[in-house]
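Structures for review follow.
In the two complexes that follow, subunit A is the common piece, with subunit B as its partner first and subunit C second.
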Partner chain A sequence: MTALSVEDLEAGYGLLHAVRDVTFRIEPGETVAIVGANGAGKSTLLRAVAGAHRPTRGRIVLDGRDVTGMPAHRRVGLGLSLVPEGRRLFPDLTVEENLLVGRVRGRQGAWDVWSVIEAFPIIERLLFQKARTLSGGEQQATAIGRALMANPSVLLIDEVSLGLAPVAVDGLYGSLGALTARGTSLLLVEQNLKRVQAFADRILCMLEGAVVLEGRSTNLTREQITGAYFGLRGSSPPPSTAAATGAPS
Partner chain B sequence: MTGPGPATPRVLEALDVSHRFGQLPVLVEVGFHVNDGESVGVVGPNGAGKTTLLNVLSGVIRPDAGRVCFDGVDVTKLAVDRRCRMGVGRAHQVPRPFGGMTVFENALVGATNGRAMRRRAAHQCAMEAIDRCRLSPLANRRAETLGLLDRKRLELARSLATGPRVLLLDEIGGGLTDAEAVELLDTIREIRQEGIAIVWIEHLVHVLVQAIDRLVCFDQGRVLADGDPQVVMSDPVVIDAYLGSAEL
Partner chain C sequence: MTWANIVVQGTLLGGVYALLACGLSLMFGVMRIINLAHGDLAVVGAFLAWAVVDRWGVSPFVAMILILPVMLVLGYAIHRAFLDRSLRAGILVPLLATFGLSIAIQNLLLEVFSANVKSLGGNAGRITTASWQLAHGLTVSALGVLILVLAIVILGGLQLFLSRTSSGRRMRATAQDPDTASLVGINARDVYARATAIAVAVAGVAGVLVAIRGTIDPGAGPTQLIFAFEAVVIGGFGSLWGTLVGGIILGIAQVGGAHIDPQYSILAGHLVFLAVLVRPRARVALSRSFA
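== the complex of A and B ==
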């Protein structure tokens, strides 16, 4: 069964249409990355999928269940978690307390504090340290760990590596690889194209709120993605990687 | 599109401008200029310093170091309103019209405050501005009833009514559909053809490159590339600034 299906989704802010007619699917264990310039609609799309922003149109289906009208906390209970841009940790709670906040009563799964530490060894020595004292990479690992504590089947991560040192990014992506090995589906927003091409199964490129290019990472060239990213001439995707069809290629 | 020749005077210029927000350097010894009648695009990833540059040029921010010159005159210490009356106009990303006033009255605010005109001349100027922005049929509509594209047009009209020699546009295409962006582009091209210099920050690069003579890319507070728009946008250094290095 498809892990997450997004159909004809539209979302905005007043007169501004931030997400337009977006359709895509994610299969169990699959990693899909969204790239796009500032204002392309990436974060709004993730927030709408997670239930943090009300869409004006469209449908969101999680593991076969329509969750479009559900509030965010109910979606978390059904296995859909978001790591927001900026991490949003509780600064005066310890790393362990932040992780424990992420638990969801009644939701079964393999993730607990110790399995999170196993996936993100960087936070082991920081368990009793307040979140406000952490580096950017440590905060991101904690934020992802907190989301994992809800045992999501689909994890959304906004701006995985924004503002992080390269060595911290290497560590994070190493850990994210372990998640997909456990069957968790990932939908990432990431600006580093090389990283995306190396890690994600598929790439969606957004421009002005719409998906303008979609394809398997191995099929898309840097030039194709760059062209779609800026909307410049010659950026049309080849038929084999046609955009916005919603179907994985 | 060909730009003005080298002899064209610089209408607005930032000379070795630096600025910090706390410990964070947002502009680092930046040199930037726009020639009389020239149209310059400004691009760069998040946090590159683009809007801060516009704030420095328009007088919203006084830089920590460096100078801003308008027509060769040092205006670094002049406030926004003084620069506006000299000929520095600005249109913002999020239009904020006076919602309870009509389209005409909004433009009139620009003409009376930005130019210190008398009543009849100000009326004439406001009407011309809304006409240039294709808002004449909506002149008596309250601004709060306008859609996004018309609000953006009004933002332009209000700036035009101040009689700018250089117009600073901050992501004015943001949130528009492709078709709307093209409509706005036509209006901006017409403004440019009237000889008004333009500095335009825009994330919609494919729209921007159709209206500019020159493109400047910023990254981390510095000028990364400056030149022909197509050349700048195909420069690997510029692409790397947006999408990370091609090497891990």
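== the complex of A and C ==
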């Protein structure tokens, strides 16, 4: 059974249509990455799927169950967790407390505090430290660990590597690889194209709220992705355009 | 010995104020609501206990335990029926909603229990008159000590609940960021309703103790609210142990004022409160916020 199915989804802010007619599927254990420029609608799409933003149209199906109208907390109970942009840890709770609040009653699975530490060893020595004192990489590891505590079947991560040191990003991706091995499906928003091509099974490229390119990462060339990223057809973007808009690395 | 007596009597009085204040502080800390009906809910607890004592002739302390589940359910229902909807409409609407609730409660109490002043002191037994003389001119009442101990136990219990239990952690998480809390599977509406239930139950306990120490009437709620509010502001909003410190400072100020002249009792408390409002840095921050 498909882990997550999104059909004709539309979401926005007032008159602005941030997400338009987005349709995709994720199979169990699959990793899908969403790429796109700032304002392409990636974060809104993830928030709409997670239930933090009400879509104006479309359907979201999780493990065969329609969750479109459900509040976010109930979707977590059904196995859909989001690591939001900016990590959004509870700053005055310790790392251990942040992990423990992520536990969902009645949802069984392999993830607990110790298995999260196993996946993200950097947080072991920080367990009793307030979340506000953590570095960016430590916060991201804690935020992903907190989401895993709900034993999700589908994990959404917004901006995996944003603001993190390359060493921290290496560590995080190493740990994320272990998640899919346990059968968790991943939907990532990532700006780093090299990482995306190396890590994801499939790539969706968004432009102005719509998915303009979709394919297996092994089948897509860097030129195709960059072209879709900037809305260019059949050519790579000129270097000046890339520099001006903060091109993907 | 006079100053020692003022400090001791003020500290004992502060126990009542701390109990009155901690529910107000909890609701503000978790939901950012100032519940203007808080004092009236304390009076509801006192009247319910009075009704139990009047009907079955039990001790007011037994009645206090019996009304606890009723107050918990009442708090939960108040949140679901009134506050939940008003919370979604901005910060002023909950203030207006609780103001309306306060008026409704006062009129309902007037209708059901009449305007007569009532007290539970007469049914509480010897504890209301028992005292210990510590030194010449320094006497402590057994009831005052009991109330202070009860306040410390309840505040300590609440602190343990918030820091050590799953529900408490979820409450603190929701207090810090309700939107993110929903993303980790927490039903913020349910957490808010539970916080209101606890706040109303503790207010009920405080109301019973006020009625054992003195008297209550259907219009007594706003006065209790003012004392609670002052204790919370002096001790620091959202801090449980701060409310105990705030209550004790308020109590000492009132007893000190009364020592100068009985009519200065309440005024002295208000002056300390105003001093804190004028100089926010003067707020006592001896304890960490529970959030």
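One rule holds in what follows: the second predicted complex is superposed on the first by the 234 of 249 C-alpha atoms of A that agree within 3 Å, B and C clash if a C-alpha of one lies under 4 Å from a C-alpha of the other, contacts with A are read in each partner's own complex, and residues count from 1 in each chain.
The working rule: a contact is a pair of C-beta atoms (placed from the backbone, for glycine too) under 8 Å apart; a residue touches a chain by one contact, two chains touch by 3 or more.
Remember, predicted model here, so these are calculated numbers, not experimental data.
With the C-alpha superposition on subunit A as described, subunit C and subunit B fit side by side in the combined arrangement.
By the document's definition of touching, of the two partners only subunit B reaches A:38; subunit C does not.
Using the contact criterion defined above for the overlaid structures, shared-chain residue A:9 touches neither subunit B nor subunit C, since it reaches no partner.
In the superposition on chain A, contact of A:150 is made with subunit C only, not with subunit B. By the touch criterion stated above, A:194 is placed in contact with subunit B alone, subunit C being left untouched. When the shared chain is aligned, no partner comes close enough to touch A:228: not subunit B, not subunit C.
In the superposed pair of complexes, A:76 makes contact with subunit C only, with no contact to subunit B. When both complexes are overlaid on chain A, the residue A:206 reaches neither subunit B nor subunit C. Of the two partner chains placed by superposition, A:67 touches none, neither subunit B nor subunit C. Taking the two complexes aligned on chain A, the least Cα distance separating subunit B from subunit C is 23 Å. Subunit A has no residue lying at the interface with subunit B in one structure and with subunit C in the other.
Of all residues in subunit A, only 15-18, 20, 35, 37-40, 191-195, 198, 208, 222, 225-226, 229-233 touch subunit B in the complex they form.
Only residues 50-52, 71-73, 76-77, 81-82, 84, 88, 90-93, 97-98, 100-104, 146-147, 150 of subunit A touch subunit C when the two sit together in their complex. The part of subunit C that touches subunit A in the complex is made up of residues 166, 169-170, 172-173, 176-177, 179-188, 289, 291. Interface of subunit B with subunit A (complex): residues 45-46, 147-148, 151, 171, 174-178, 181, 203-207, 209, 233, 239, 242-248.
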